[in-house]
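Before we start, here is the structure in question, set down as structure tokens.
We just call them A, B and C in the order they show up, numbering each chain from 1.
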Amino acid sequence: MPILEILDYAGVAVFAVTGALSASRKQLDIIGYVFLASVTGIGGGTLRDVILGATPVFWVTNPIYLLVCTAAGIAVFLSAHLMHSRYRLLVWLDAVGLSAYCVMGAAKGLEATGSPAVAMVTGMLTATFGGVLRDLLAGEPSVLLRPEIYVTAALVGSGMFTGATALGAPLIVASAIGILAAFLVRGGALRYGWTLPTGRAGPGRHPDDVM
Amino acid sequence: MPILEILDYAGVAVFAVTGALSASRKQLDIIGYVFLASVTGIGGGTLRDVILGATPVFWVTNPIYLLVCTAAGIAVFLSAHLMHSRYRLLVWLDAVGLSAYCVMGAAKGLEATGSPAVAMVTGMLTATFGGVLRDLLAGEPSVLLRPEIYVTAALVGSGMFTGATALGAPLIVASAIGILAAFLVRGGALRYGWTLPTGRAGPGRHPDDVM
Amino acid sequence: MPILEILDYAGVAVFAVTGALSASRKQLDIIGYVFLASVTGIGGGTLRDVILGATPVFWVTNPIYLLVCTAAGIAVFLSAHLMHSRYRLLVWLDAVGLSAYCVMGAAKGLEATGSPAVAMVTGMLTATFGGVLRDLLAGEPSVLLRPEIYVTAALVGSGMFTGATALGAPLIVASAIGILAAFLVRGGALRYGWTLPTGRAGPGRHPDDVM
């Protein structure tokens, strides 16, 4: 199986598990698990395909992805009570999914347009959009707004992949470099609380106090 | 007028009314009613068309849908003060819209791909996405996260439609079966509080207590 | 440079600045500024292109837009601490972006379909969607739900543009009329608190009190 296809299945599967873990945190029923697993698992790739005009999107032309999401939802439904901390597992799996998907999104963007700038953005957007959607639908505080490095990791991964490809690295090497770079950055942020400096301005006031 | 077109108008109209009822709950002006009516009415079908690559989307090629949404918004603006409980009306109309749209989405997905799995998912997604969008934009607690059966009803409806079609039922019979099944399940959930069992794990802690 | 291209860059740039201001209010890091700047800057136009089937979307075929968003994000990161009220600046720039984008969206919709009704809706949706997305992702109260006139301004602008075009006005004149009209309406709403009457029904109860 080609490397990009493996990455795609891996990204879908782990994001699907994070969606199901969110469903568990919200005490939904089994269909709720499968629904959030599916939306999270296929959300990023769907956005990528729609932006690039690669429609019908990937899971319409290959419904195996839907089976993967369904299986992930059911597996979490049956086992979530065994987990000590679902949120911690959620963010670590989200880190794995983000690492796989930033390379996958960059590769598809590069293939479709040849532009490294577009590749970095499609990589970043598709790696983060599944999680954004999951948090919005589940009513969780968005992982985007947490202080630890998040979007940066996706950008580093898609940037390293795009750079390595531009330097002539074979697909499998460039992919490995991109995935590892993204995971090291995001994993370090989770483990050691890595942050980048915020701007020098303080927090915003409530809109009603300003208008 | 063919059955699928009737379903499409019906789904758009009732979802538009639910969007306008949300606008009324938030005390928006008449343009706010029309805006939320339009987004809710055409949101699910727009997602369906974009995913399947059927662009320009349905309401661009046939702007009558926009008139339907506008009329629904104005009608609710003029009459909402007469209603005893807008939220109760909203969820019951949402149930009607969901029933029409899960069949409509499944039919379009089946026609475009021939895959029953894809049909069930396009049915489920398009039936629920209008309401998800409405709740997000209006800042209401998402109907997805309420305990009563919701997504399941859309899945039952699109599954019964897809199954009946696979067994050779004529379009109008399969549609009627799918719509009735979805409405019975969702209506029963609203009337009798039907739920499916939730997982065995407890509610999630706040992310800040976990990280 | 043709007038529509100028409008497009202007709309993207000012929306990008509003996204970066939101990032500043949430004390994100520099990548967070660039991310929210990009999503807000290109969000409305992306939705427009996807709905019309004009894919790959505009910033994939012309990545200069991404450089504009990145520059806007960095500029705000470096200067936000100098601003007295970021939220006030945000809503005024949002008004500029909305005025440029309602004309731009209407022009593209008219060109693609020839339908004035579709043009008004694509104008309205694309002018408001960037801000909606920004507020959702940043967890801010949606500008849609504030009492002052908002969607109405976009509708007036795209309506005036569409009407002037139908009456035979040259593109540059119709554009100027549309932009001015939208900005006068939205600016008046911000400066003088203009509102339209809300419906006669009171605010909604909490769903849990109704079900």
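As a convention for this text, contacts are C-beta pairs under 8 Å (C-beta built on N, C-alpha and C of every residue); 3 or more make two chains touch, one makes a residue touch a chain.
The UniProt protein names, listed by chain, are A, B, C = Glycine transporter domain-containing protein.
The structure displayed is predicted, hence computed values, not measured ones.
The rotation relating chain A to chain C, fitted on Cα atoms, comes to 120°, given as a multiple of 5. Because chain B and chain C carry the same sequence, their contact can be compared by residue number, and under half of the numbers here are used by both. The distance from the centre of chain B to the centre of chain C, with each centre set as the mean of the Cα atoms, comes to 27 Å. With touch defined as above, residues shared between interfaces to two or more other chains in chain B number as follows: 50, 55, 136, 141. Listed in rising order, the residues of chain B touching chain A in the complex are 50-53, 55, 109, 112-113, 115, 117-118, 121-122, 124, 128, 132, 136, 141-142, 144-145, 149, 151-152, 155, 195-205, 207, 210-211.
Residues of chain C that touch chain A in their complex: 23-33, 35, 38, 46, 50, 55-57, 59-61, 63, 66-67, 76-78, 80-81, 83, 85-88, 91, 136-141, 146, 190.
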